[in-house]
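After this come two complexes, each holding chain A, first together with chain B and then together with chain C.
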Partner chain A sequence: MQVFLQTFIGGMSLGAIYALVALGFSLVFRTMGLVNFSHGNVVMIGAYLASTFYLSTKLPFALAMALAIGGTGLIGVIIERVLRPLENKDFDLMLIGTIGFGIVLEAVAIIIWGATGNAVPNPVPTGPLEVLGLRIRTYDLVVLAIATAAAVLLVFFLQSTKRGAAMQAVAMDHEAATAVGIHVGRSNAIAFMLGAGLAALAGGLVGPLLYVNPTMGGALGIKGFAAAILGGFGSIPGAIVGGFAIGVLDAFTAGHFQGYSELVTFLVFTVVIMIRPTGIFGERTVNRA
Partner chain B sequence: MFSSLRRRAAVMLLGLALPVALAACSAPGGDQGDSNKTDGPIKIALVDAQSGQLSSLGAWELKGARLAIDEWNAAGGINGRQIELGVFDDQGDPTVGTNLARKIASEGYIAMIGTAESAVTIAMAPILRESKIPNITSGQSPGLVAVKSPFLFLNGPTSVTYDETLAKYIVDTKGLKNIAMITNNGGYGKGEHDAFTKSLQARGVKPIEDQVVTADQKDFSAALTTIRQKNPQVIFIGAEEVQSGLIVKQARDLGITVPFAGAAPQGTPVFADTAGTANVEGTIVSSPYLSNEVSEASKKFAAAYKAKFNEDAEMHGAKAYDGTQILLNALKTSNVATGQALADAIRATKYAGLLGDFAFDDTGVGIFATRIGTIQGGKLVAAG
Partner chain C sequence: MKLRVAGIGVLAVLAWLLPYQLDSYLIHVANVVILFAILAIGLGLVMGIAGQINLAQIALFGVASYATAILTTRAGFGFWTAAALAMLIVAAIGLLIGTPALRMQSHYLGIVTLGLALALTNWVTNAHIAGGAEGITGIPAPTLPGIDLRNDYFFYYLELIVFALALAFGLFVVRTPLGRKMRAMRDDSLAAGAVGVEVPQLRMTAFFLASIYGGVAGVLYAGLIRYVAPETFSIANMFLLLAMVIIGGRQSLVGCVVGAVALSLLREVLVDYPTYAQVAYGTIVVLTVVFAPTGLAGLPVRARGLLQRLGWLRRDTGAPPKLGDFRPYDEVERPAEQVILRIDDVSMHFRGLKALQEVTMEITSGEIRGVVGPNGSGKTTLFNVVSGLYRPTSGRVWLGERDLTAARPHTLARAGVARTFQNLRLFPLLTVRENLLVALDQTSVLGSWRYALWQPGVWRHDRALRRQADELLDRFGLTAFADAAPGELPYGTQRRVEIARAMARHPRLLLLDEPAAGLNGEEVRQLSEIVRSIRSTGVTVVLIEHNMGLVMSLCERVTVFASGRVIADGTPAEVARAPQVVEAYLGDSAMSEDVPVATATEATR
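Right, the complex of A and B next:
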């Protein structure tokens, strides 16, 4: 029982990170119908920016995170701006464009920070809490709290602000949205910026849990993408549930199948997707193919 | 509509494959040239991970090899010919490695330094053997010996030596019998797992817990909680630097206080940084190169290393330096031979290196001893 609960807790912490990555994927997809393949690399850039500000300039962790989110948000805007001429014309080229940006971001990271990477010390110095024989890292609680707050803020923005409503309208029908005076390009830019900001949040938070290096985006990107698909691609609650599901699933398969855990995780994922091709929440807001 | 969807799926697939393909072709290399030339620079390839999670190994190895080659070049090269080092990035990926093996063969490199990853070296070995290119690797998996290539040499001991020394210290010297193991299922981790289990078996000790993780796993809660419940006296780790660091960090968070034990990766600064300096205190390390202070030669090497790269030398750089020195000595004694003759010359080379006295046997292993150190106050010191 103790192993079961401890495994669950371990899975939740990485699950929160996957959920944040999945949110970024889903946000851009529901707004533009585009899979942003550079998303994992933006996570990596976010992790580097946050850790650099935190370690080199000795800024408080929260401030370093805020700067990283701002920096990657800017990268998101730039990516959207470059791809904008293709919007609603050629999605294949846009997809390849995002892959290209991913490769560029990785190369830039190697040029700036080198290929080796660095470890980030835990910004929350207090030791783990002990509850009924279970050990809960205080930093995990911070990660969970921040991820929850980010998800709530995002839902609030989409549901209750004018700009958010405009983005929802673009997601449903971009021509009708244009007809009522919504700037589709700006709406897309905001989606990309928020997506990149979420990526930086995920990257910054995962830094102290893992090891920051230029290729860390690959594994996080794939798990986050799988989480978004599992929850229902384009669905905001789906991304959150999918993220935690992948994190916890991963933790349990690691415990039971040891060396074959990765295989089992993706087998389960495949079976779920075969049974429910639209994912858990089954929402499909856009289909512009 | 339907065909367009399908087209998109095809593009997505292409998209996933593209970075891999691009990366595979984009390895930096030296210029084209013919093999068997008797003038112009002597071309030696260094193949290692220069990117990815194992790139610190590649960076250290490059520095060690570069230092040795620059020393020889400064002294006039070999037979008046300069030595040229071509650097290739295998990304720690065996598939990329096999492509690079063909590439260095076609570009006229006569010998190869690297790789530091056993799995990649094992994948490259058949092609290098076919092309008759001698290879001095920094890998230590017993699997390297098992491929039985006469062109493959190790610049250090194998896991068998590391783990036999470690088991001897833990079981015989310290009398610890409750030992738990956590290893990954990659080339290195598998080798460590098998070698350490065998050494324990020979002493009649059975590990009380044997957890296997995947090579890119990040969360070890399940494995570590299971280990904690068994109350071991010491935990053996068989995983690379970063993963070992993550395991130790998470173990301390889960309330595991007993020391960890392992081979070379546990003696590196990357391991200590990833885990946190306080968390690695007391770690037992089996290594052929405990510190830069062990001998006059190592002090000289460490000073030159520091002067050139402005960082402290460590074991992997020292291993690569030894390996490269052996290759260059063999090239000198054989009058820049290639192929089989060069392999024979390497096998015949007796070299007093930083790790000890090298004398190669038929398996390509030249050194059969490691020493035990423990991490104290953030530094690796010899265990008394």
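Right, the complex of A and C next:
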């Protein structure tokens, strides 16, 4: 039981990261129907930006993070603008276009920061807490708190601001949204910017947990994407639940299967998604004839 | 045609003489390029032709080379025995990776295949038998009598022959029934199912083909390099391969090969700057999808269009082709009357929305039945249930004596149900003739073993289908449009193509969903002539129509729907007088509250 709970808690902090990555995926997908396969690479760029500002310019961690979010937000806007001609037309081509961006981002990261990675020291250097015999790292709590705050802010933005409502409208029917005077392109750009910002947040937070390197985007992106699909693609609560599910699954497979954890995680994911392609909170899609 | 044969001949001679110009390093590069070309053909088949996103193609390649390596070094098999077993293994893994395609498509399929590829990488990097991160060295060189395949120059010729066969086979598949069905499925899987294409089996076949190409390349790789390591599987290589296929043009196998060669050469030129090479090909991928989605293969057509726009190249300005007259079918004696379609207490609910409620109706063979009702009254939903697109919430559907409730669309198509669609669902990237050819082919996907063992049979079958297609084109007056893309045709002509496609399967029951929508008066007259002639061959016709003049003149019986229920059934004159019908159409205060709700939901579906 003790071990079970310890593993569970261990999975929660990475789960929160996956949830943030999944939120970015889902936000962009629900608004513009685009699956951003470069999202993982944006996370990686965010991690590099945050760690660079934090380490080399000795800025406070929070400020470094804010700068990183701004930087990736700009990248998001650029990706959206370039791929805009394909929006609502060819799904598969758009997907491949984002893969192209991912390839470029990874190469750019290698050019700027080199092929080897760097470790980021823990910005909250206090010892772990002992609760009921369980060891909880304080940084994990910080990650959970920031992720929760980000999710709450996002939901507030979507539900209670005019801009957010406009994005919801675009998500439901982009033609009808145009008809009532919403600038769909701008709305999509904001969605993409927010998605990239969430990616940077995830990247910045994951820096001290993992090793920051140019290929970290692959695994993070794919697991975040898996989380989004598991929860129900396009659903905000789904992204959060899916993120934690993948994080905890990851922790357990790492405990039981060591090196083979990734194999088991993806097999479980494939089986679950075969049984329920729409995910936990997803809408059942209906054939349109 | 002669030009093309000459071109292929020149290319073949050049490829044969190439090694004489290359030093030992470059011949090695050439050998690797050919392997990428074979892989690209496989990815082009599954992704460009069959429309299944497969991000595990490199993993399949890795499976085959690893299987060869393990079987030769660990189990002591000879190279060719190991290669044959490796092909079996890779085919099995390919089918496994393709299984998710039965349930999901597009980005879902992308992430699942990518995940499974990562799982395989994860396995080889950890498994003791696969040599862990170091990989496996010391794979024995393949042997052929009299030829030393350790020599890269000889290996080049082996690869060249395999490549030529692989490309020829791929092109053969694309141009014959199997490839046509795949392209139809890629363009519109719903319509493909409705004309009898067994979509699930076909998706598996696509993955099977991709795995064969991956397997061939993998085995050759093991024999060429004689060393395998986990990098073989890497996602970076997968994306490189994807870039080759996209840049070359995914819908053309030759384009895929050109893309593979071009990108490999680019990578070779920038071999000292691999990161810049990566920036370059990533950028080209983005530019390609935005500005030239058909890739290098599509450039000649685009260049031609540009020249025509600039006025440098004359457009062929012949008279626009004209729609011919429909040549009526020979009448057959009307068969004995029996119930051909029985819909028994069928309900169809979408969450809260009750699109059909306890609908019961019987249709007798040889009749023309009209189905009318306000928008959103459930008419199209009924068609979707009968043609197998929806599984009804409750109730049963009988076709003759067979219970075909919830059967797959292709099963129903094969049982004799054909349909057209309200919003036209022709396969946009196939020509009109190919649209008909897809429907004419009655053979099962499982018969595709002929492709491996008896190609002349496939060829003869294709020729027979083409003769039938010409006959059908002629009957429907479409000969002048045979090689046009459906999207270029006037709307009324497209409607006629869809009816011809439905008739290609010689159905017993033909469902027409608003066949007169968007037609002018003359076209409506021709339509009613066509429908009468179709019925005279013993085919039962059910049509949904809002054009009351057509319904009244054509149909013997009319069923009226409102809010998902049958509210009247009888001869046109009877139903026109029925008070509940008048109420549904002209409305009273009680009904008019119901109708808009249903309309809104149908519009969003």
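The definition used in the following text is that the second predicted complex is superposed on the first by the 279 of 289 C-alpha atoms of A that agree within 3 Å, B and C clash if a C-alpha of one lies under 4 Å from a C-alpha of the other, contacts with A are read in each partner's own complex, and residues count from 1 in each chain.
Following the convention adopted for this analysis, a residue touches a chain if its C-beta (ideal position, glycine included) is under 8 Å from a C-beta of that chain, and two chains touch if they have at least 3 such contacts.
Small disclaimer: the values here were computed from a predicted structure and weren't measured.
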Simultaneous placement of chain C and chain B on chain A, clash or fit: clash
First (chain B), second (chain C), both or neither touched by A:118: first
Touching partner for A:270 - first (chain B), second (chain C), both, neither: second
Chain B versus chain C as contact partner of A:102, first or second or both or neither: both
Which superposed partner A:173 touches (first chain B, second chain C, both, neither): second
Overlap of chain C and chain B interfaces on chain A (superposed complexes): 35, 37, 91-92, 95-96, 99, 102-103, 110, 219, 258-259, 261-262, 289
Chain B-facing residues of chain A, complex: 2-3, 6-7, 9-11, 13-14, 35, 37, 91-92, 95-96, 99, 102-103, 110, 114-119, 121-122, 128, 130, 135, 137, 209-211, 213-216, 219, 247, 250-252, 254-256, 258-259, 261-262, 289
Parts of chain B lying in touch with chain A, wherever the complex brings them together: 1, 4-5, 7-8, 11-12, 15, 18-19, 22, 50-53, 55-56, 58-59, 184-185, 211-214, 216-223, 225-226, 229, 242, 245-246, 250, 253-255, 270, 273-274, 276
In the complex, chain A residues that touch chain C: 35, 37, 82-83, 85-86, 90-97, 99-104, 106-108, 110-111, 173, 218-219, 222, 225-226, 229, 233, 258-263, 266-267, 269-270, 273-274, 277, 286-289
Of all residues in chain C, those that touch chain A in their complex: 51, 53, 99-100, 103-104, 106-108, 110-112, 114-116, 118-120, 122-123, 125-126, 190, 235, 239, 242-243, 246, 275-276, 278-279, 281-286, 288-290, 293, 350, 380, 383-384, 389-390, 421-422, 425, 604-605
